[in-house]
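A, B, C and D label the chains in the order they appear, each numbered from 1.
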Amino acid sequence: MAVTEQFLELAANGVVYSSIIVLCSIGLSLIYSISGFANFAHGDTMTVGAYATLVAFGAIGGIGFSVLSLPLGFFLAVVIGIAITAVVALVTERIVYKPLQIGSLGLLITSIGIAFIYRALIQVGFSAGTYRYELEALRPIDALVQYGIRVTEHDVAIVISTIVLVVGLHILLQHTDLGRKMRATADNPDLARASGIRTRNVELWTWTIGAGLAGAGGAFLGLFNQLVPRMGFNELLIIFAAVILGGIGSVYGAMLGGFLIGMIVEMTPILSTVGIPIGSEYGAAIAFVIMVLVLLVRPEGIAGQAVGGEGG
Amino acid sequence: MTKAEQAVAGIVAAVAIALLLAMLGGVLSPTYFLFLFGLGGMYALMSLGLNAQWGFTGLINFSVAAFFGLGAYGAAIMTASNSPLAGGFNPIFGLALALALAAVVAVAIGIPTLRLRADYLAIATLGLAEVIRMVILNEGDYTAGSQGLRGIPSFFEGWPILSAFPETMPGLEIEIIPGQAVVLGTSFWRQLLNVSLMLAFLGTAFFVLRRAHRAPWGRVLRTIRSDEDLAKALGKNTYWYKMQAFVLGSLIMALAGVFYAHLNLFVNPGDLDPITTFYVWVAVMLGGAGSNRGALLGGFVVVAIREGPRFVGDVPVFALDPGPLRLLLIGLLIVLVMRFRPQGVLPPQRELIWPTAIDDDNRTTPKMGVREAKTDGEMQGSTDVSTEQSGGGDSDE
Amino acid sequence: MSLLSSQVEVIPMSESGSDIEMQENSPVQSGTGRTGANLDKDDVVLSVTDLEKSFGALVATDQATFDVERGTITGLIGPNGAGKSTLFNLISGFYQPDAGSVTLNGNDITGTVPYKIVNNGLIRTFQTPRKLEGMTVREAMLVGPQNQPGESFHKLFTSPSTVAESERQNLAAVERILEEFEIDHLATQPATDISGGQMKLVELARAMLADPDILLLDEPVAGVNPTLANKLKDQIRRLNEQGTTFLLIEHDMNFIMSLADPIIVLDQGSVLTEGTPDEVRSDDRVADAYLGGGGG
Amino acid sequence: MSETVIEIDGVDSGYGEVQVLFDLSMQLQRDEILCLIGPNGAGKSTVLKTVFGMLSPWTGSITYHGDEIGGMAPEDIVREGIGFVPQTDNVFGSLTIDENLRMGGVARNDDLKPVLSELYDRFPLLEEKRTEKARHLSGGQRQILALARALVMEPDVLLIDEPSAGLAPNTADEVFADVQKVNDMGAAIMMVEQNAVKGLDISDRGCVLDQGTVRFENDADALLDNDEVTELYLGG
């Protein structure tokens, strides 16, 4: 009984956490698919989103009616946070990455520098301390507590928002011109240009969407936990694990990988309950082990196509 | 000397004179100077290690801090007074354990990733660093967890003469500027001993790497960095060479950790903060990938970045916390170096051929430096080329 | 012979001449009997049997079968997309074949990693010259020699004198071969700073330092001016006389026809025919393969 | 009577520092199929890539109906009415057939439906597989899709790079027949083809390239009878 109850509770938490990881993994994979490098600043892009939301919410305040104990003002703030994150990423792409002529490894290393710059500036502006959004703390939803599930309305809001964003992205990718152009450009940039697609615009849109999703993930992570300057960087390993599991560059792989890795990380405590002496503090370590195993066995990930391993 | 070399030599000389004056003037205590110098050597040591991986071979290792931490904890676990496992051993055993740990972990992470594209190694090592930090933090039964390991003896504890050296040396009082006497006491001699240890480690590593770099071994690594397929086609087992470079670099990083444990006499999980990794990256990038002397230079510059904000923070205009200021400096340096001088300040200049195999008058130091040469190889005339490189080539190419 | 006539005469011609000779020379050992290669050779250094490789729907190598006789300069030609480079990549271990086998000096090297194939005596070059950043020409050359004691890390410290001695010898060999190739003036130039044609010479020279039994050259004169191309031709001849076997892909027909014998013609991933330059040139099936008109 | 659609005049071009085309001049006339043949490495594909803006001419001019297009970006050249079918990687493998065709029409401002349904009528095979991913198509089907994708723009001029590459003879014939169909509908075609006989067979004129410049230029039939062409290919 206790195990079932714990399982349910952890699973519920896992769904919330996974939602956040899914958003960020998609963003990372999207940017990889179009710019061809692993963006190590993606975690700190989330942080930008969280703090931008914090500031926006502070300015707007809890105006409007509430949905799931979140005032309309908060959702508005998240939207503004996403927009600011996207703008920050676009400016970075424009003035830093684009002018570089150093290949994907050079871009990768540069993105570390960008990550530090983001984080340092946030730390300068907000100190190294923790923040919370100005929302009242919630008790778990009573109706679910009886099943052992302890989630708040905020958690539900995170999951629903994620579903909305993911479905929105899916519709965008599959049923709009921009989405098709994005997929076409990632698939074959030369042919995309030959077909008349203005690939530079598509690239910028992809950055906008990828960073925007990271911003949303960051805003929700701030709601799920709290805001600290390292919050995004701390998740970077998890996000990479998710993206590699799903196949780097694949959007749908990132969704699946993000969900699986997020669940696994949050479900880790179940291990000690069933007698395996691995504590919850090793959630990220398990994600890492999975990532290494994937690299060993199937470097192209679940959904990815072979991405140029060198072979023996 | 190239312009860059002259500039660097000038700046190094100026800084050395400034430090000397500061010491004589009593602004900088000699003991603290030695501490900083030891720290600089420690970063230089790690930079040499990363240089063997990234600079020679092109391997991206984002777990420098973890290998440094393995070194520090390896040394501490064997020697610390509160070590839950095996405290009190002679530091030599700590050194041995540290190196063994680093080698095993390096091989374990190298096996899955060194066959793959370079960015996978980058991601995997970033993860590895985090995992090692978590293990050290959480496995208190073995590592004393967040309280850290204390009571680490000096490296020379138990050695004849050297173990008692700081106490036996007399206190010296030097007064060059009247009223500004500089006192050299026991702590000074202790730091001097530490610095000697650092110089011994650094000297060994530098000697080993310089020799390896100029040898055919290093040439294979440089071929791999430049074009791995070519290295394979010329009969080199590139996987094995990458593994060697990765392990060698990791061992040198662990050596820096061992030094740190005996310098600081206390280690805790905070010493594995990933920022250390990127200090070292900045050092190597600044110095110039593949350049051993560049790595030395970079190591000391990094100490300025690390310790500088401490002083700058006192100036009201820059009233920033040293933490974010460091982070910002590191970030900006990475971006600026990649943008404006990706080859670093002191890229390798000389031909790297085994020294005794070639007479000195036959050795050349190209004026531009081979690394700075742009690929404007068509100076010899473009009439020379008349075919399509990719257009009309085999479609199955 | 004109294009038009070849189209008209394609059916009668393909039954005559070299075709008959080919059938005589094709013993049953060919797995499929589809090969046009001469498999009746005395001293075979490299043998390719029924090699297959597909990339998705594209069959790049289709039961390719041929032998290379020791001491020859064997040419490998074929129209675009015939699978020549894929074949090189399969033989040298850069691609894994889907089926078939490669034998080198009697050892089965199918699917082995490249460095082991080199150890067995086969060196290949690449179509586009690979430039070694940060090295001088002679440093880049020094990567060529095999089994250098200085390539083993511990020997750098346990027996530095052996390392120095071998390095001295290799350096002398480099200087000698650069002189033979008349490019010794380039020795201390940055390897990124020489022309494409000179790079081709350097690559050939470097490959020779590995002392291979057989050298696979992928378009040795692509992008090379006629003077340098002639120089390369002379060098290849000279090295061949000294005992190195060559297998070379080349698009420049005048170059390959005047250098190689026999010539193997590849079409659609398999061997169409093999013969002397004259036989190949007068073989209408070859003309068809290049110019089209046959088959359909 | 014949009107020059594309005029290439004294063009040098190449990749990076490697020059491939040397003072190359040729014209494409309205309604014709011009076949570029020549030995490997002659620069045939480079001509197409330079016209289409994937390479910029180093010197010389390329005009389209009298307007300079040399150095324009491919995505703009498409909008001028020139289409390009590359030799390899000429479909979006991860997109469906329908999406591939839609990508062909991104530069159109009007409704794609009429032109798509027309194309589906003309290439029933594509209609049959319209929701399948292009990477599942066979080589010949891909080639047809690539052709159809370029046709969505209803171009005046179509540049085609080796339509028969990697195809079995029968399939190649089908593709050539489709190329001819496209020409009949009013597009001038500049085609690179390794299979000189088949290429010239459906063409009005041929240009023989060697070492980056035009060696012969003549009616397709005349070129088929020219011994020197054979020599170019097989060495003399």
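The working rule: a contact is a pair of C-beta atoms (placed from the backbone, for glycine too) under 8 Å apart; a residue touches a chain by one contact, two chains touch by 3 or more.
The model shown is predicted, which means the values in this text are computed figures rather than measured ones.
**Student:** Which chain has its C-alpha centroid farthest away from the centroid of subunit C?
**Tutor:** Centroid comparison gives A as the farthest chain from subunit C.
**Student:** What are the two chains with the most C-beta pairs touching?
**Tutor:** B-C
**Student:** In whole angstrom, what separates the CA-based centres of subunit B and subunit D?
**Tutor:** That pair's centroid distance is 55 Å.
**Student:** Just curious, how far off is subunit C from subunit A if you go by their C-alpha centres, in Å?
**Tutor:** That gives a centre separation of 50 Å.
**Student:** Using mean CA coordinates as chain centres, what's the subunit A-subunit B distance in Å?
**Tutor:** That pair's centroid distance is 33 Å.
**Student:** Using Cα averages as centroids, what's the distance between subunit B and subunit C in whole Å?
**Tutor:** From the centre of subunit B to the centre of subunit C is 44 Å.
**Student:** Considering subunit D alone, which of its residues make contact with at least two other chains?
**Tutor:** Counting only residues that touch two or more other chains, subunit D contributes 18, 40-41, 162, 165-166.
**Student:** Could you list the positions in subunit C whose residues touch two or more of the other chains?
**Tutor:** 58, 80-81, 113, 196, 222-223, 251
**Student:** At least two other chains touched by the same residue of subunit B: list those residues.
**Tutor:** Touching at least two other chains: 376-378, 385-387, 389, 392-393, 395.
**Student:** Which part of subunit D faces subunit A closely enough to touch in the complex?
**Tutor:** 52, 54, 73-75, 78-79, 84, 86, 89-95, 99, 102-104, 106-107, 149, 153
**Student:** Would you tell me which residues of subunit A are touching subunit D in their complex?
**Tutor:** By the definition above, subunit A touches subunit D via 177, 180-181, 183-184, 187-188, 190-199.
**Student:** What residues of subunit B sit close enough to touch subunit C in their complex?
**Tutor:** Within the complex, subunit B contacts subunit C at residues 208, 211-212, 215-217, 219-220, 222-223, 226-227, 229-238, 244, 248, 290, 347-348, 351-354, 356-358, 364, 366, 368, 370-371, 373-381, 383-387, 389, 392-397.
**Student:** Across the complex, what residues on subunit C touch subunit D?
**Tutor:** Of all residues in subunit C, those touching subunit D are 1-4, 6-7, 56-58, 79-81, 196, 222-223, 251-258, 277, 280-281, 286-288, 290-296.
**Student:** With touch defined as at the start, can you tell me which subunit A residues reach subunit B in the complex?
**Tutor:** Per the stated touch rule, the residues are 37-38, 40, 96, 99-100, 102, 104-106, 108-110, 112-121, 123-124, 127-128, 229, 236-237, 240-241, 244, 279, 281-282, 284-285, 287-288, 291-292, 295-296, 299, 307-312.
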